[in-house]
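Before any comments, here is the structure.
Each chain carries a letter (A, B, C and D) given by its place in the written order, and its residues are counted from 1.
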């Protein structure tokens, strides 16, 4: 039984906590949050021990009628592994605290690669991370790229990769974020950071460009990969990947909103799409180049990766065992 | 046991079907849909007998590998009550078919008032609809207005009502609908139809104005009501209404997207908000005028009303029994 | 000849500078800006002496190849009146600097009422501001309300006013601002500050509620006014107001974007709509209550007011002379 | 003097009419429109003879108080060249009418390639179109691609081209069009039609993928071109192209909305950006592959091309003369 704490209980943290709570070999010893709100109340309703992430603001929870179990330091005392799901950059500030409490740590992709011993992706380098003191689960977009590129490289070999990422401006409830009615090349200098981020985990020649647009539901990638594989071979490889799912012609789904609607209809918690959603009709290969479109749910695609990362650094399962267990509990 | 069919399995129909399937005294004999897509597939996965709404298109289901149980006519043969959840205006075209099959019918608010014997709202006029051959559940916005106005009138009496409705442009997956980056007074002539629609159910002096904006999640109302009640009395009345829910200051929820996030966190199916969501902090009374803001989930607030409407016309329960049963099964 | 400086050369400042430059009795002695960008370059191309608003950042202009004429202090030495068009709250910080340089000042509505001797609106209280050391031009929305309410009160008398303001989330190029796909009652507590802001200039019983939506072009008001005037009388009064313009049925214009399109087609600089745009078809009077919709261009409706404010505090013209001169030069 | 008529006076037609009216060697004999609205009124105010595009609706203009000069047939009697700026597909229906009146015709890119003798782009194949009976100005996106690809091919030779087009959902005032809060791979099958459309004018190996997003201002391209040219050579080539403009680092412009703001500040009519707007900072060349971002103003980039197309088919100027004259009159 691995005692797991989740520091940061927002978009990612709450989903990861739910996933951890479902695992046989893990005990969710607590979640920490900076401020009381509906999410904090919901954590308590779900029976998660709730800790105040910032000592000085602990009183705010009491004022809001929400019981806390202590401070983040006390939570760490009870944990063997902490999953840091704080906003980008805060994880790096927390790293020494985790060291001080002698807990292994899983960081998120908003942190710099240097925050942890290794960057992590369950498809690509689970084995390299077994027993590490800390890992960093690469970002949602990087995870999405790796889930396709790693198996293609493994089965067929790939050459240059060129990807354009059309990214959402913010998550659904981040109403302070824009843009409204605008398209931003982002960053303007090419390439974007996603290519180098892929290379923290996998050796591949990749260039990425990115856009930011007024949408909140999912990112979408236009992916171009030099490969000798045929369309049928590409599809066969991807069909074998449990975290790649095809959007089928008969689904009659042509947008990110329709994917989310389909997930909600299927009864997925919060309508989450943990897998890469690849439009089958978009997969095309011509003159040694593969093209495809995939949608990536920024709020949830790293959730199963975080669970696997815990097993990897705790050393409690090998890759296949972990992925199978995670998938089964989530219903992937 | 009332045999209920749902004709039209889109945004409203699929939700109503799920709700009907939860009721002790109802049997969902089938749902009918015009075209095969992920929703049709999901209906089958949920175990609902699926019928082709348009005979000529039945083959499309077979082509998509989706089994159908027959045509809409055959579905109606098995039903005592049909809930028509077809697009606006189609219900009126279906009315004679329902007559021909001698099934009682529940229509939606997109139809004209004349489509049915009476317009219906569980708060306001359940009793008047008992035993009717057909009723029309008033639209999402009208339902939202009635749930507040009827209890206030009943408990305290009200004078003039003035409401401004800020309406979403389309539902989340209706990507063909706008506007993008625009605000439309809609309609430009004042008043909008919502006031008259309220009066199909309740006698009140009400004027409404409406806007259409680039959002998909919920409508929001700014409501002004002349009343002698105090703020405390208004709140007490509304707290007694099971289908009015207060957004609390400690929720720290300031927008429609945050309400939806809260519903998803609570595990509501599809993140549905069946109740009027009234911001407690917005409730103010001065000089005999009440003001408040409420958010209305256009996809789901009429779902419990449809269930109650079935019981009303089937004559199987009185108002309090029906509302209690519907609420309990849904988890309101 | 009044020597006028404009401190802050963004959305409002650049428009006000252009308007000042058109006036016979005014000399635009300079504009000040914090950072070099396309707007700074354009100021130079228009022949406006450009000053560095922040001394420490003056080098950035040189680095960008943009000549500056000095610092803001030097600009103020040359001015009799400064128009402060800095971001909200910065004006208050600048006030003592203006005092030190003994220049009269015109502030914007983002500042608190206390920043200046009086709040100002050309329709409502020009006369009260003649000769003042400083005035504050009330905000775009407040200006829009006053242009309708003041003449109605003057000609017919009005009772209670209730207004709902559907506000844009940011200006077109403010891509950092949201919301995306959300509706916010804003503020959640009722009333919004707009009613009290109207009362800094005019004595009227007014309550306002506000929303923020994902749009950038204009605000739109749903206005309700108790009055004994008939529809014809209301229209006659508003037709006499030079800064109220009717959107005519034959324009076939039903949204803010179409209004902007119409302004661009008419050749207005930057597509500006300096006047309140009132949909004629929306004007209705029943039972002693007037309703109407008006769109307010947040980027430009205060531009003519700023020009008039300069004449008022400089004491160079009475109200009618000033409004006539301003309108003529702009082409209103 | 070439007598030019413009059939269709909407987004493209009104801009093209203005541009034609500015040309020394052209006489704008009339514009035709289907319905009276603010644009029709504005055409009359600009002194353009206005014709009713649909005979049966001519009375509507009279009812709206707008004088018309006759029907579209009468307009064609007066013209040597007609520019068809009707909605996509209507041009093809009009083709035989133009033949019947023996007028040469310029069609837009919404029509199929077969509508005209040749597809046209001033950079790429002006000479091939001289004296043709009809040409089709390729669409805004295709025009934008050709303006970069043709000179690069001419000066340096290029290999494969891969482009991802992030497209606006509708034009600013098309409030009936979506999406709201969604991203659509569009079309889902790869490639999109833009690559083949480029090849109607220029022989190049190009694959394009497209997205539709909730924005109205401009399209943006992420362009990848195999070439042996260095970054400096690419920039030199593009700097020589009059209809390619660099967005400079010192402009501090990072989005389509900021480009439009810059155009409005520069006093461009309607804020039009007739040129491709290429971010200089985005231009990068590595391993024989060029990357760049460019924004394309869908409402106006084909305007100069239409003017040139008239000269080409009328045979009144060669390419360089025409481009120079068009650019000078517009102020490019």
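Just a few scattered comments:
As a working rule, a contact is a pair of C-beta atoms (placed from the backbone, for glycine too) under 8 Å apart; a residue touches a chain by one contact, two chains touch by 3 or more.
Which chain is which protein? Per UniProt: A, B, C, D = Glyceraldehyde-3-phosphate dehydrogenase.
The model shown is predicted, which means the values in this text are computed figures rather than measured ones.
Number of steps on the shortest path from chain B to chain D, with steps defined by chain touch: 1.
Compared on C-beta pairs in contact, A-D and A-C come out with A-D as the pair having more. Chain centres here are Cα means. That of chain C falls 36 Å from that of chain D. Separating the centre of chain A from that of chain D, both taken as means of CA atoms, is a distance of 42 Å. If you average the CA atoms of chain A and of chain C, the two centres end up 46 Å from each other. Shared interface positions of chain A, defined as residues touching 2 or more other chains, are 172-173, 175, 179-182, 184, 214-217, 254-255, 257. If you check the complex, the residues on chain C that touch chain A are 169-170, 172-182, 184, 214-216. The touching residues of chain A, when paired with chain B in their complex, are 14, 35-39, 41-42, 45, 64-66, 172-173, 175, 180-181, 216-217, 250-255, 257-258, 260-262, 264-267, 269-271. Taken together, the chain A residues at the contact with chain D in this complex read 162, 164, 166, 168, 179, 181-186, 188-191, 207, 209, 211, 213-220, 222, 224, 254-257, 279, 281-282, 284, 286, 289, 291-293, 295.
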